[in-house]
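What follows is a group of structures, each given as structure tokens.
Each of the two complexes below includes chain A, the first together with chain B, the second together with chain C.
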Partner chain A sequence: MTIVKIEGVSKSFGKAEALKAVTFKMEKGEVLGFIGPNGAGKSTTIRILLGMIKADSGSVSIFGKDVWSDAVEIHKQVAYVPGDVSLWPNLTGGEVIDLFLSLRDQAVDHEKKATLIEAFDFDPTKKCRSYSKGNRQKVALIAAFAAEADLYIFDEPTSGLDPLQEKVFQKQVERVKKEGASVLLSSHILSEVEKLCDTIAIIRNGEIVEAGQLHQLRYLKRSEISIESTDHLAFLEKNDWIHGFIHMSGSNQYKFQISSNKMTTLIATLQGLNIQSLDSQPQKLEDLFMRHYEKGVGES
Partner chain B sequence: MNAFKQVGLLYRFGFKKEWLKLSFWLLGCLGFVFVGVFAYTTIYAAPSDREAMAVAMSNPAMEALFGNMIGANDYTVGAMYSHTMTIMTLSLVAISSILLIIRNTRVEEENGRIELLQALPVGRLAHTASAVSHLLSYTLVLGCLSTLLLIVFGDASMSLEGAVLSGSLYSMSSLFFGSLALLLAQLTSSSRSATATSFSLLGVFYVLRIIGDASASFLTFLSPLGLLYHAEAFVTNRWWPVVILLLISLVLLYIAFYLQTKRDLGSGLLPARSGNNHASSILLNPYGFVLRLMKTPLIIWTVSMMILALTYGSVMGDVESLIAGNEVIEQIIVGESTNKIIAEFLTIIIAVLSIATVIPAVQVMIKLVSEEKQDRLQYQISGTRSRAHILTVFMAVSIGSLLVIQVVQLATFAIVAGSVQDFITIKEIFLSGIVYLPAMSIFVGIAALLYGWKPKLISVIWMILSYNFFILYFGNLFDMPEWLKFLSPFYLTPDYLGGESVFLPLIIMAISAISFIVIGIIGFKKRDLMQG
Partner chain C sequence: MWTVFLMQWKRVINKPTLILLLLGMTILMVNVVAGTQGNSGVTVNVYSDVLNQEDLAEKVTQLNQNDTIHFVAKDAEKISDDIRLDKYSYALSFEEDNYQLLVGRETANLSLITQYVSRFYSENNRLNAIGETGQAIPSQINEPIKLTTKSLENIGSEIVDLSVVLGLTFYFTIFSILYLMTNLVEEKKNGIWNRLIFSPVSKTKIYVGHLLFYFSIGVLQVLISMVILMNMLSLNLDINYAVVIMIILAFLLSIVSLGILLTALVKTISSLQVIIPIVTTSMAMLGGAFWPLQVVDNQFLRSVAEFMPIKQAIYGIVESFIQNKSFLDSMQPVGILLIMSLLFMGIGINLMERVTESPI
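Let's look at the complex of A and B:
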């Protein structure tokens, strides 16, 4: 069952084109990593999904309903945590958590709330005025996880959290996933995305440049090979399936990339040579991401 | 003296940041002094006018507002000035110096600026000392310039000594409340609570003086405002209140500096009160939520409007003597019989009170804009409340506050004004104000319309309101084309006391208010949310 479906969505603010025919979808129970540089259009897409702004063209639906006209109906089952959580300075964190839940028509489950407050190591009795960025995020996160939802939308939710609380967040995401919910996670922390997500969508300059299952994407991409050999391996560079060949000067170290399906070819080629060590690393999401981040790089 | 190292540098640096705000406040306070002295010397030049004024002023409501009558047997311009202007000027000055001190101490700390400076070779107390230096400069300049104004524009009854004393009184108010704020800034847990506590104390001192003036006079002397008022510049010219308050201020400053060395940056000596872990059912209610956001301004407005209504109401008995001889007011009110004069005077006052009541109602709508601009409306939009619902709730609170404040102030005004004269009954006065409600709702409607379509232009509503005030106030004074007046809902509201029929115009106005609201909702349902 498709939970989120975005088809050919464009959005302009004045002359600035924020989104250009963005298309991707999310299935039930899926955790989707939505990544891209600052200003690429992540938050704009999320704001469209939540019915805060209206797409100029294209169609956007959640649970098969239109995000603009059926917003109220959809939001009953959606929990949202914005990237920059702005709160009311004269309300306490505990009050805001309850308020957020009531805005979603959810009764406060005090036990669940207390458990989450403890897990996130949060003091709910202070006025929001005195909270740091991380603490303000905790308010929104606790409210999001304290009630049931079919879809969770997080916009860089952990940018202010310390590594310990990042773990708490990851645990909670795993929990709701197990319960069958879907999660849209916009994040800069790629290790987090790699750990949690099944699928990813990379957006750059308002366009989706890469989307699909994480393991498939990785399979299509290259492996990072490093070899130590007393034999002279410079001849490898001439093969067209070898990319970015480097001979570390003054050593027996060689580094290059190959498409993962060329591994057999590589092993055959190295047959009979004196190899001390061979290390093959699947390319990380970070490498893939960097290819899209840095214009022109990665094209070779 | 290491603790004070680099005070001079910080003072000069702070001045760059402060001069505009300080000039603004200085201009405001001096403008207040100037208007007072200029108005009294020109409008009340004749002794008979002043006698009439003295009679009008001798009632509990006016004495509560301004202070006990002074120099009644010889109500000179000087006496009149001291009597009516002193408490107000002292309070205004107090507000400015409280804000000055908090702005330069705790607010700076919260912004993290002092932390930056503390890391440099700057003395621990240098920053506080620099803030106090700003206070002293402000105090001194304010005292000297207001003395100068009083000398230049005062008449013969305003002696040099009285002028210098008046200036010193204003300076003392500035110094005392500035020092008090500095002391409180050491104790409270945030800049906001430091400001709130300082203002509350100012309010307590104000009320203490009122109670003291009315019954137990020793209470008056416990209030710095009452104490300084007792100096009676231009009448008895007592200097000892100034000396006493100067000594107290120095003690406060000393304690404040001492406490500053005892506390950590960014926190007060008194622990922050911890709040609720759970939201009350009021907060979770959509209307309760908006009321909670607007609680403080709405309470302040209600109380202020009641005081204003009380004051205006109590002078209604003396309207005749007040109007006699005052050309400006006579021109505004064109009438013959006492009955009619009072009716027209009532009508104008009620219109002014009504227009003022629109301000808090519009503030509720402005709050909605600021909620959106500060990215807090997104929680409601991404929740299960529809856009129409969200806007309707804010409008309901806005119109509800119109209704409540209008009824409360009209009841106050009608009871007081109805009982001090025999021409017009309490009920008639009350109803003549109620007929303004449709006109007032139109402004909420326009605010909703602007919000729905062009939220960035919401402040246009203030211009429209000012225009209405202008038409109301000066409509009879200058010749103005009728169509200009017809743009004002207040002008179009029928004159109930003048016997005009009310139903049709009011229904038309109510319908237009509702249409504006509906169009506003349509716009809001279509537009993008603003991002902060």
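Let's look at the complex of A and C:
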């Protein structure tokens, strides 16, 4: 069942084109990592998803409903946590959590709320004006996780949290995923995205440049190979299953990538050669992101 | 909607300083202004070339039964000197069955005083005439037609007190409502407003929740101020309270709407904080909250006053009381205030929603 469907969405602010035919979708129970450099269009996409702004063209739906015309209905099943949480300065954290929950028109699960407050090590009795960025984020996270939502949208949710609280957040995401909810996670912490997400969508300059299930992404199925050999290995470059071949100048070091299923072929090819060391590392999301990011920087 | 409404109230309860301060200011200012305008009364100096000291004193005692006008007997020569030096502008010379005016300068009070003294002499003369016929002198004269004259030009302390109470109460209520609305601008600027928009509550309900809160703050402040001040100034007026309530509610709605328009027009909280006292005070001055509009001769300013919600509210209530208007006749200012509300609110919300859609 498709929970979020974005098709050919474009949005301009004056002459600045923020989104260009953005297309991706999310299935039920899926955790989608939405990543991209600053100003790529992540927040604009999220604002369109939340019905805050209207897309110039294309269609956006959540639970099969139009995000603009059915915003209120959709929000009943959506929990959102922004990157920079602003709260009413003269209300306490506990009052704000209660307020967020009561706005949802649902019965407040006090036990769940108390468990989350304890898990996030949060003091709900202080006035919001005295909270640090991390504590303000905790208010929004507790309110979001205490709600019975079918879709959670997180925009840089852990940017102010310490590593311990990040783990609490990850556990909560895993919990809601188990319960069948979908999660859209926009984050710069790629290790977190890699750990939590089933699918990713990378946005750059308002365009989706890579999208799909993490384990199926062509680039992530490669391994980074590093070989040290006294023999000359330049002949390897001619093989079509070897990518990005580099001979480090002034050394016996060679670096390249191969598809993970070509490891046997590589070992067979290297037989009889004087190999001093061979190191194989799986490609990380960070490499993929950096590849797109550097491309973007180079282009601009 | 009610969650938004109650949340705003919770914020005020957590930080009630502004409301309490403005309420205190209303009570203080009304007492100061009403004390100097309404209860001062009029002192009239009197002398007599004909009556002896005892007869003059008796007449003064009889005349002083009125609370507003206070008669003081003085030496004829001294009064003549004082008028020449313009220490006061007029005096009365009493005779047995007549009186004369000694006027140095015309004043607005003169007609009221002559009216009062003429009536006193006319009653006394009629009673004396009855006495001369040998009949028993009645304790008071029953007039076939009793004519009571009330107008804004006359200095009736109750009317002045009422208009001062209304003017200053409305003035400080505008301050409270508009200053609380700076929170709305703050919420919009720092993203708190968006937190509400993300919630499963429609924009209409969020707006209504906020507006209802500002409206209720206004109602509460007007109610508390009026009750306290009417009691403090011992104002016990025969007013049609349904008319008063209708006009006050329409006035508060127009002020909340004006607030929405102002918050939509300004870009920052600091500029709103500058605009609020300028708009409020100039509106109160033009609308006759500090002094009666009858003292304003300039036709242009009088026309501008018609567009001030505070003028419609104060004079709607005062004229309804003085002219004893029917409920329907008194609804004219309510209609004008509702049209103003519609206009301010329509433009304000339209502008507010336009600026919401901007890039991050």
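Annotations for the structure displayed:
Convention: the second predicted complex is superposed on the first by the 255 of 300 C-alpha atoms of A that agree within 3 Å, B and C clash if a C-alpha of one lies under 4 Å from a C-alpha of the other, contacts with A are read in each partner's own complex, and residues count from 1 in each chain.
The working rule: a residue touches a chain if its C-beta (ideal position, glycine included) is under 8 Å from a C-beta of that chain, and two chains touch if they have at least 3 such contacts.
In this text the structure is predicted, and so the values were computed from the model without any measurement.
Per the definitions stated earlier, placing chain B and chain C onto a shared chain A by superposition produces a clash between them. In the overlay built on the shared chain, the residue A:125 is in contact with chain B alone; chain C does not reach it.
In the superposed pair of complexes, A:53 makes contact with chain B and with chain C alike.
Ranked by how many residues of chain A each touches, chain B and chain C are led by B. Legend: residue contacts after superposition of the two complexes on their common chain; A:108 is shown touching chain B, with no touch to chain C.
In the superposition on chain A, contact of A:18 is made with chain C only, not with chain B. Residue contacts after overlaying the shared chain place A:94 against chain B, while chain C stays out of touching range. In the overlay built on the shared chain, the residue A:275 is in contact with neither chain B nor chain C. Two complexes overlaid on chain A leave one chain B stretch from 38-46, 56-64 or 164-172 clashing with chain C, and it is 56-64. The residues of chain A shared by its contacts with chain B and with chain C are 47, 50, 52-54, 72, 75-76, 78, 80, 82, 84, 86-88, 90-91, 95, 99-100, 102-105.
On the chain C side of its complex with chain A, the touching residues are 3-4, 7, 10-11, 14-15, 187, 190-192, 194-202, 356-360.
Across the interface of their complex, chain A is touched by residues 190, 192, 272, 274-280, 283-284, 289, 292-293, 374-376, 378-386, 526-529, 531-532 of chain B. Interface of chain A with chain B (complex): residues 47, 50-54, 71-72, 75-76, 78, 80, 82, 84, 86-92, 94-100, 102-105, 108, 110, 124-127, 129-130. Note for the complex: chain A touches chain C at residues 13, 16, 18, 43-44, 47, 50, 52-54, 72-73, 75-76, 78, 80, 82, 84, 86-88, 90-91, 95, 99-100, 102-105.
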